[in-house]
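Next come two complexes, and both contain chain A; in the first it sits with chain B, in the second with chain C.
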Partner chain A sequence: MTTAARARAFILIGLLPALLLYLIFVVVPVIWSSYYGFFSWKGIGEPKYIGLGNYVEVLRDPIFWNSFKNNLYIVAYSIFGQVPIALVLAILLTRNSWIQKFLRASIFMPMVLSSVVIGLIWGYIYHPQIGILNFLLDSVGLSSWKAGWLSDPKVAMFSIGPPIIWSNIGPYLILFIAALQNIPGEVNDAAKMDGAEGFRKLMRITLPIIWGTIKVAVILCISGSLKAFDLIFIMTRGGPANSTELLATYMYNNTFNIFRYGYGSAVSTSIVILSLLLILGSQLLMNRNKNAL
Partner chain B sequence: MRQLAMSPASSAQRGSFGWRKWISGIITTGLTLYALLTLYPLLWLFISAFKTNEQFFSNPFSLPSSWQFTNFSRAWTVANMDVAFLNSLIVTSISLVLTLFISALAAFVLSRFTFRYKPLIMGLFLIGMLIPVHSTLVPLFIMMKEMSILDTYAALILPYVAFELPIGIFILSAYMTSFPKELEDAAHIDGSGYWTMFLRIIMPLSLPALSTIAVLAFLRFWNDFAFPLVFISKPSLKTLPLSLSVFADGYGTDYSLTLAALAMSVIPTIIIYLVFQEQIMKGMLAGSVKG
Partner chain C sequence: MKKRFVHALLLLMMFSVALAGCGSSSTPAKEESSPATTETKNEEQPKEKVKLSLWHNFTGEDLRAKAMRGIIDQFQKDHANVQLDIQAIPPDGYRQRLKTVAAANELPDVFIMHPGTIAKEFSSAGLVQPLNDLLDSNPAWKDGYLPNSFDDFTFDGKTYSAPMGLSPTSILYYNKTILTENGLTVPKTWDELLNAVKVLKEKNIIPIALGNKAPWLAQSSILSSLADRVTGTEWFDKAVAQDGAKFTDPEFVQALTYLQQLGTTGAFQEGFNAIDTTQMEQLYAQGKAAMIIEGGWAVTNLVATAPKDVLAATGVAVLPSIPNGKGDPNSVSGATGVGPALSSKVEGAKKDIANQLILALAGPEAQKTTLEANQLVSFKVDLDKSKVEPLFADLYSLVNSVKRTPVYDSKLTSAATETVNNGLQELLLGAKPEEIAKKIQDAQEQGLKE
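Take a look at the complex of A and B:
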């Protein structure tokens, strides 16, 4: 074999396992589900072609749109909860003393836990009878504030916020600390010489410099929020009365509880399209903002 | 990836005024309170795991009046945690080895060779990072049902590896691009083939990047819930998160048992976290700036 032929053979063999696995288990399912969306199928028997029926039903189902709205709630929790908290903490935690390292490590900690564990722990916190939140309210004399945190449809979606924010601050904190530590020392020195300090320096110098990172964080919030499933599935399964239903739990319940595989596929495809639109839209919006500034 | 470190000289409080020390003291106290608040749910879990059910009801905040170590042994046998631990260990380790080897090989080809469809293939892998994993649950379920690999380890391992490949290839090929071009020349003079070069030179040199990917992938595989939920129904194949999830279904009236099971399941991840903290943080950073 010539050298060129040997190189070509190696390229082929080197890429083959990755490409095969990736195509079969990531790309093909996405395409296949858009195709299955055209059928009515209960998992057994012949799938029946029904054209756009499933897709029309998805778009007309108020529960689907309510689920989408709940996904947007999670986006909001992330953007207005995680990002500002992480940013404030990062500004205060850029030094490398042992106490700061310890604080960073503690705040990052929940990130490595499984969502099943997080969901179960918070389930105990919110539990109507034995939950520590209601116990705490009782013991400080605020019994009237007690609620069925996860069982009351009016409250449930708000109760989802704290566990999500609690468990996801870590990566944003690290992202912001890295950005802050990347600011060259000269900038800080120059700011000092010009008498810019404290809050003024923060608003006029630090924040504008890391603005790009903040935008990355917002985009991450959006794409990350679309992945929410486990936590809600464990805590509420989308209930009560669909009040905490997300796109992913809606898809799960329709497919694996009432066995509508065709409809579930149509929902899956809609999720992919909505996600790509949201991510694309947020990227565009963020870039336009940059030009406007 | 830049080290999370900086020169303290420019930002350190000089303490030339007394009130500055006060402010920094107040800030540190506030931060410490916040960190304790963050850790509290976990702390509560470990403390409560030692209580009897009665103690757990009467005061959820107190320390156990008698430490019930039997909760743990009971949880271990009643909740079949030995089986779940073993399954999680098997699935995670096989997926991990495959992810590292396959993505390193592909990254080696994509970063050190030039060929026609390279940008196309690179782009294809990058798109994969945008696809929400859960949107593939239904089609994967149908597909693997027809391949009759549902309810096997393969039903978890294959999709895990496939979904971890894009980020693995992305991190590794960025890392390998930085190696000097002379590597190939030296290998050619040696007369060693591409495989020898990959195994003997590239893999050892890429260890830092490989370890970053390994800890991230470990956490993802070990903690994953959605895939086993949909693809596994045999009790003998349930992984740890899946077997814990039964406690969410109202099975959990034996609270001390549930909490002990939860506490045990958390221990491996906490150990991994304490040992590989830096890699985990750096890896998440690398994973997040990909977008």
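Take a look at the complex of A and C:
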């Protein structure tokens, strides 16, 4: 056995337990679930094979596509809200003075709150009668801007944005700070000697070096956004009238409230496929971007 | 060679960790199925304790839940030869848990079962056994029930449970002080209600507080009674069976139009789809709203949260009558409550004990205890009014003086219920009643086929 082969074997062995767990608890259920998608099943009694019936219904279901659209909103909030804000904050907060430490901690704070708490806090901020947001608008003379933040279907999906962005900046901030601190000092010194300062240095030196981290962040954003469930479930329950329904809440309702296990499985399989497509798309897009830079 | 040994050892350790992981995840299933195995043991060795698993959802701190837990504790004390394996599951997730174990055919021996759809599914799948013999051998118990009490537990002539409570879903709670101060009386007709809405709105008082974030409330508490007044119960039964009536019929569209009218005249406060029932009760308890429409269960909450003056001013009534309605206006939509059910796997000595437990949970004694814990029952018991809250005593008198009509979600298929719930949110936001009616019709038709 050569050293390289031995190292590879060791890596394989090291990966095996995680891989096994992943296979048993993720891959196998996904396959099972797509199989259940071929049946009409209430959870009790004999499942009835109905071929592609459920999948056809998913494709034709306006609520499903509306939920998908809402998920894309959340993807957009994450990529164009969380990532840039976290990046800017990370650049501003890389040093270790006490004020920066304090700011970092307070930005990270929502991460340690349970999403139920966050949902309740923002539910009260948006509350139609006693909400602080409407109260603030009143007191600065912008009463005409008041809205049924969570109860008006036209506005509700936008009201979901701030809590999602606010509560998820933390981990990206940490990710970016780590990446920035990993940039070797020599590179910075060299840049300084070559006269690259400020914005120019940021665009030419810093961003290209941490581009890999940004890519990871974007992928985390996409996958996290497609899994989004808890905040919406607490704040709106997908309502009013399905206007803030997400793929995950829709799947949950079908499976565990209406007890259409087959249809719910078909919906979750569709979520897996759509997620994979989105991640693939974003990868292609960003790899091209990098070459262009 | 030595290294390879180390590798092998490492590999073995990792495998065992992985397998231990699997092992621990599968043990709950083993535990749940163990009563079945101990049962066979019991037949061989009668001296051993009889093990009986019991699932219930009385986890709260309200009087009723405490009373029920008291009954269970007492049963355990009185039966030294029985070992109860009790699982108390919060009501919110209870249905899901039951469905999940039912799918794996691992239902507990005795469990609290919901009437209607879930009972029907369990009985038709043969997961529960009928209680007819037990009921017949205790005539005082069986005959003590009010008429139609067993309807939602009876399928193909067999009765699978006995209700432990009664839930009227559509009670109009009103604040007498606010109404009198504004020259109003308790609305008895639709026009009186609309007039009250107009007057109160001008005074900046919320006429009816509504918290429809979890969208079952408008369906269960408002539509169930309102629509019955318009269409009559007979029409509803036909429409549910899709036999001679459809939800697209003009009378149902008319009922939806009435509900929408309430919305457009501003009877409900702003943003009613974004607040939940607790917040709605808060608005009423703070005296900001003149009325709320909610089920009988609101009494306990109001007693716990409302200030004394609001509570003293609170009265209960049924929804107002509808002009030219086909239904009896002197009625309230309501459903019989949960009841104990017996798994079909239980037999022999174990079944005798289980029957005793069921009798303890739902028998005449338990019904009396329940009523005194401020929970209505579907059973003939005289209420000692000194033992309960005055508001509950009022509710008791009201419910006993009117007819009971079906609740929409206890009769419709799960899919149609979901459609009604979301459809009413849409309706109150301005959608056309005809379109909502069409969606409900399609969902019920489809739901019956599955």
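Basically, the second predicted complex is superposed on the first by the 259 of 293 C-alpha atoms of A that agree within 3 Å, B and C clash if a C-alpha of one lies under 4 Å from a C-alpha of the other, contacts with A are read in each partner's own complex, and residues count from 1 in each chain.
Convention: contacts are C-beta pairs under 8 Å (C-beta built on N, C-alpha and C of every residue); 3 or more make two chains touch, one makes a residue touch a chain.
Remember, it's a predicted structure, so these values are computed and weren't measured experimentally.
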{"item": "Partner chain(s) touched by A:F256 [first = chain B, second = chain C, both, neither]", "value": "both"}
{"item": "Between chain B and chain C, more extensive residue contact with chain A", "value": "B"}
{"item": "Which of chain B and chain C A:P171 touches, first, second, both or neither", "value": "first"}
{"item": "Which superposed partner A:F10 touches (first chain B, second chain C, both, neither)", "value": "both"}
{"item": "Touched partner set for A:A105, first chain B, second chain C, both or neither", "value": "first"}
{"item": "Which of chain B and chain C A:S40 touches, first, second, both or neither", "value": "second"}
{"item": "Touching partner for A:G239 - first (chain B), second (chain C), both, neither", "value": "second"}
{"item": "Partner chain in contact with A:I24 - chain B first, chain C second, else both or neither", "value": "both"}
{"item": "Chain B versus chain C as contact partner of A:L207, first or second or both or neither", "value": "neither"}
{"item": "Contacts of A:L285 with chain B and chain C, given as first, second, both or neither", "value": "neither"}
{"item": "Interface residues of chain A shared between complexes with chain B and chain C", "value": "10, 17, 21, 24, 123, 256, 261"}
{"item": "Parts of chain C lying in touch with chain A, wherever the complex brings them together", "value": "7, 10-11, 14-15, 17-18, 21-22, 96, 99-100, 102-103, 121-122, 124-125, 127, 212-215, 269-275, 279, 283, 288, 414-415, 417-418, 422-423, 425-426, 429, 431, 450"}
{"item": "Residues of chain B touching chain A in the complex", "value": "2, 4-12, 27-28, 31-32, 34-36, 38-39, 41-42, 44-45, 56-57, 60-61, 102-103, 105-106, 108-110, 113, 115, 121, 124-125, 128, 130-143, 158-159, 161-163, 165-166, 169, 193-195, 198, 219, 222-226, 229-230, 240-242, 244-245, 247-248, 255, 258-259, 262, 265-266, 269-270, 272-273, 277, 280-281, 284-285, 288-289, 291"}
{"item": "Complex interface listing, chain A residues touching chain B", "value": "6-8, 10-11, 14-15, 17-19, 21-22, 24-30, 32-33, 36, 89, 92-96, 99, 102-103, 105-117, 119-125, 130, 132, 135-136, 166, 169-171, 174-175, 177-178, 181-182, 185, 188-189, 192, 216, 219-220, 223, 226-227, 229-230, 233-235, 248, 251-252, 255-256, 261, 264-265, 267-269, 271-272, 275-276, 279"}
{"item": "Chain C contact footprint on chain A (complex, rising order)", "value": "9-10, 13, 16-17, 20-21, 24, 40, 42-45, 123, 126-129, 148-153, 156, 236-237, 239-242, 253, 256-261"}
